[in-house]
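Common to both upcoming complexes is chain A, partnered first by chain B, then by chain C.
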Partner chain A sequence: MSSWFDGLTTSGIPLIRRLSEIPLTRRLSQIPLILSLSKDERRRAVAMLLTGLCILSHLQPAFAYVKFGVRVGGQTVTLKWAQTPARYFVTDASVPGVTATDLQGALGRAFASWQGVPTSAISYQLGGFTNARPGDEDGLSTIGFRNRPDLDRVLGSTSFLVDNTTGALLESDIFFNASFAWSVASNGEAGKFDLESIALHEIGHFSGLGHSAIGETELRPDGGRRVLAAEAVMFPIAYSAGTVTGRTLRPDDIAGISDIYPDGGFATATGSLSGRVTKNGQGLFGAHIVAFDPGDGTMVGNFALNAQGEFSMAGLRPGPHVVRVEPIDDADLDSFFDPNRNVDIDFRVTYFDGLVIVPRGADSGSIEIKVVQK
Partner chain B sequence: MTRAIVSAAFLLTTALVVPARAQSPSDSATGPGRLEVAFGAAWIGSATLGSRDANETTSAGTDFRLFASSTELAGGSGIDAHVAVRVTPRLEAEAYLTYTKPELQTRVDSDFESSNGPLTASDSIQQFTIGGAALWYPGVPRLGSRVHLFVRGGIGGLRQLENGGTLVVTGREYEAGAGVKMMLASRGSGWWKGIGARADARAVIRQKGVAFDDSAHTSPAVSASIFVRF
Partner chain C sequence: MRSAFAAMFVLTVAVPVRATVLIGADLGQLAHDAVAIARGRVAAVDAQWTPDRRAIETLVTLEVDTYLKGALGGTVQFLVPGGSLGRYRSIVVGAPQFAVDDRVVVFLGARGPSVPYVVGFSQGVFRVVRSGDGSTWLVTPPAPMPSAAPVPVTIVRGDPQRRPLPLNDFEQRVRALAGGAR
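Presenting the complex of A and B:
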């Protein structure tokens, strides 16, 4: 059994770094993780902690979008709920301006947005209110507020409990940091973060999605980053307080959730695009690739996730696509990659010189995009 | 004043129609033979398919352009073939096949993160059109006994193969234009009746296919062919 965290920050300072300051392994080893599991699961389970760093080293390179993977039997399998609907419980605690009922309502709307994706089969079910806390390994997926003033740039966080033998999600908890001001107003409230927007991001993690890099930021004087724009709910840095713009799923999010939980015709109705990014003839790890559909203006992104610089994106509308490659520079690299990995960001934004035709229900065939130093 | 215009129009129409009536509804109207087979070259001009920006969304919900794009189906040359049957002395029905290999081109510029100039990404597609058309020989103006002007309108099915055929899209095509046929040789007996040359100029209206929307995209087109009458 494995447990780890991922979260949404206000400024690009990754949750991972914060958590690394806490003796997580010891803390979790003191928690009787396996008590909530069956005898068989207890026998199979191996209690260990993986932080987001470990997750990201297991990002799936072979499929669309950025989704979590788990090492099982020497192979990486997609992290997902083995059975749906995924059941969740809402804490009965409230914070100023948001009652437990308000929390339940905002979560219900956010879950409904993901469940409403027509090409995805994911579904969720409210189990009811609970007095358990998010983060308790109790077999219940619990969502609620926790007061974490120490995480002064973390708005929310998602943790996972995974069966190491199958890669299936057993439990996923989400907490929203009560040390921030929250709102559930339909049009948002100045100075308060929109709970539904942040919940939408965290539920993406809850469902198995990682971070997307389709967004632009600018540096702030304090070293953090401010979002100029984003085109993915799963962008790791939140919009500023007061806005409700983050309540709408984008094509990148839709491609990702559909890839993990494909509905009947998804695989045959869409196609994939694959290739590799090279610099001076060598594969380039960590390049961010965006497939742009000039027909409808949608963008879907992924990374080159191995030493060969290979990438793949599924869930694309059949037809021509423009492929653009850029270095990651709109968030800390730690938001996406294991800091021990050597991510090369010293190259220019580059477009593939051909239009890539994505076929229906198949792959475009591999392309090579050659980038040059800045 | 109005009466004068109507009268003038009537006289002009009469002047145009009378010579045609004077012609015989026999082979001499458009040349010998009843069945015509033509084979030649065609060129279809470009069609603008539209512009799209790669937009992200700001905190205020407005668009933030990452880069701009505009796409067109470039002009392309190919081959075309016609099989026509004379229905009346001045009307022919024909089936036609056109094959061209134009490029689908997307021009990208104004990248927010790059000062590089515009870039054009392209892919070659194969385009087949199979359709039917009607040719009407008005009979005037006369350009000699061997030259025959015609107007033409047709409708066809469009089949476009992208990436060597890994993606096939279909659409419709409408054509309207005019042309000229000139008899180069003719004979009264034998299995073929005559040989001639044909030139067309027309507007090609393509709908769907590689287009991003359902609207009509109009392009100029010309073709030249050699025909044989039977």
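Presenting the complex of A and C:
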């Protein structure tokens, strides 16, 4: 997604922070070399390094997960299953081209993808077929088709029933809109949306993941927006009908599910990066922060989620990162934030003036990124 | 080390529920699909059981300042899925949420005699807010305008030209799009 690096040439020269705190790998050996160059040489070297990152970003997966939460008694409680396996039921209704058995099969593959993440402890269990409807508040987590022509641009959606007093997750349903044409063909079918891809996205929500902002769209001359690239299954806009691109979890999604339901060495093998985004000396709510890892080309993202503009990204590979801040000015803000929050999108893309070192099993220490109005 | 990790994961906070998977729309499509486009103030938000008492929905009452397309009266009501009733909260991820005194432009659809709904889920709601200095009303987020180019146009995040539109400009464009312009 090259557009993430637009404005690159105006960024400053990266500096190494706290080099003594980390074990340098061979991947880092290029960075002291950059520091020994002249100013112009350094600019060119950094531009080349980051151009390389642009190319890598097309090839390598990225991180950018967000967890769901609900407000209970003035506190935000992470929305997650208290006990696993999370049990679900499949409706016995079919749609043209997709039988109830096909539906069960596609769901089974999608659930298996999430359950197969080695650093996550999440698990699921099929309870069987049901004639209940997804969306009914009946205590069953039900997944299936419903004909909702009124939800004219919604392929699928996940709902939750939550206990207002505790924030406990009681039930989660997923519906796929039968108003659209669906396919379970292994290579997809022209003009039909791939059920497994959409199921994979919705099961991410079912498990407690929100949307990722790492994706890029284009406006079509014949109307509408089309996804050009999305480095997360949890990007909110679907790929076009006929493609099965969305069937594979990306490291973004894997980090997210591992953060909510950690297992193995996820926490001890990674580090975090934290800091604050400010504009005119004040904290900025809603900025999207992306950390680029020059070592493997991956990206990790999160939002500044309080009035102080503070952010933190967990699950990063230890080592140096380039940090970029950008406004979510190309997206439906309600898809990411509470509508009552004042999200500031009037600022320029900004790079932190230096590389930030993420230590293994600890935090980078807070950085401040100052942005200016557009 | 353990304390460092504890702090790290506390900071990696959760956000309120917002999500679904959508077919992306531009403003022209939303304007075409809507039977009415209203700007106004949210006067009431009332959660209720659906008629079959199997789910929770929310009836939103909007005091309309003006219509940019169609007309459904000085006060219009529309339904959004989910809501909070007593001990239970039903959250339909991706469904737009409203609070009393919100100022919004909503793109409304209707089928038969049913209560109107929001076209495109959260894509069909635009928030009207005061500018930072309080001098004018702005519409946010910046609406994805239909492309006039004969080829696809990539939407570049952070484009300095993409800013919240002044309300008057937004309304002029919506009226033109609702009238069939591209």
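The definition used in the following text is that the second predicted complex is superposed on the first by the 295 of 374 C-alpha atoms of A that agree within 3 Å, B and C clash if a C-alpha of one lies under 4 Å from a C-alpha of the other, contacts with A are read in each partner's own complex, and residues count from 1 in each chain.
The rule is short, and it goes like this: a residue touches a chain if its C-beta (ideal position, glycine included) is under 8 Å from a C-beta of that chain, and two chains touch if they have at least 3 such contacts.
Given the structure is predicted, the values throughout are model-derived calculations rather than measurements.
Visitor: Superposed on chain A, are chain B and chain C clashing or fitting side by side?
Guide: The answer is fit.
Visitor: May I ask you to decide whether A:Gly224 touches chain B, chain C, both, or neither, giving the answer as first, second, both or neither?
Guide: second
Visitor: Mind working out whether A:Ala362 is in touch with chain B, chain C, both or neither, as first, second, both or neither?
Guide: The answer is both, since A:Ala362 touches chain B and chain C.
Visitor: Is A:Ala314 touching anything from chain B or chain C once the two structures are fitted on A? First, second, both or neither.
Guide: In the superposition, A:Ala314 contacts chain C only.
Visitor: Between chain B and chain C, whom does A:Phe336 touch in the aligned arrangement: first, second, both, or neither?
Guide: A:Phe336 sits against chain C, while chain B stays out of touch.
Visitor: Quick check for you: in the superposed arrangement, does A:Gly297 touch first (chain B), second (chain C), both or neither?
Guide: So A:Gly297 only meets chain B here.
Visitor: Of chain B and chain C, which one touches more residues of chain A?
Guide: With both complexes superposed on chain A, more residues of chain A are touched by C.
Visitor: In the overlaid three-chain picture, which partner chain does A:Leu161 touch, first (chain B) or second (chain C), both, or neither?
Guide: In the superposition, A:Leu161 contacts chain C only.
Visitor: Based on the superposed arrangement, let me know which partner A:Gly69 touches: chain B (first), chain C (second), both, or neither?
Guide: second
Visitor: Is A:Glu326 touching the first partner chain B, the second partner chain C, both, or neither of them?
Guide: Both partners.
Visitor: With the two complexes superposed on chain A, say which partner A:Glu189 touches: chain B (first), chain C (second), both, or neither.
Guide: neither
Visitor: Considering the aligned complexes, could you tell me the closest Cα pair distance between chain B and chain C in angstrom?
Guide: Taking the overlay as described at the top, chain B lies 5 Å from chain C at its nearest C-alpha.
Visitor: Chain A residues touched by both chain B and chain C?
Guide: Common to the two interfaces on chain A: residues 216, 227-228, 326, 348-349, 362.
Visitor: Enumerate the contact residues on chain A facing chain B in the complex.
Guide: 214-216, 227-231, 239-240, 243, 245, 250, 271, 290, 292, 294-297, 299, 318-320, 322-324, 326, 348-349, 351-360, 362, 364-365
Visitor: Taking the touch rule as given, give the residues of chain A at its contact with chain C in the complex, in rising order.
Guide: Residue list for chain A touching chain C: 3-4, 6-7, 66-71, 76-79, 133, 135-138, 149-165, 170, 198, 201-202, 205, 210-211, 216-221, 223-228, 234, 236-238, 259, 267-268, 272, 274, 302-303, 305-306, 310-314, 326-340, 342-343, 345-346, 348-349, 361-363, 374.
Visitor: Going by the contact rule set out above, which residues of chain C touch chain A in the complex?
Guide: Touching chain A from chain C are residues 1, 4-5, 7-9, 11-26, 28-29, 33, 54-56, 81-82, 84, 86-99, 102, 109, 111, 114, 117, 119-123, 125, 127, 129, 132, 140-142, 144-147, 149-160, 162-164, 182.
Visitor: Residues of chain B touching chain A in their complex?
Guide: Spelled out, the residues of chain B in touch with chain A are 52-61, 64, 66-67, 69, 71, 104-106, 108, 111-114, 116, 119, 121-123, 162-163, 166-167, 169, 210, 212.
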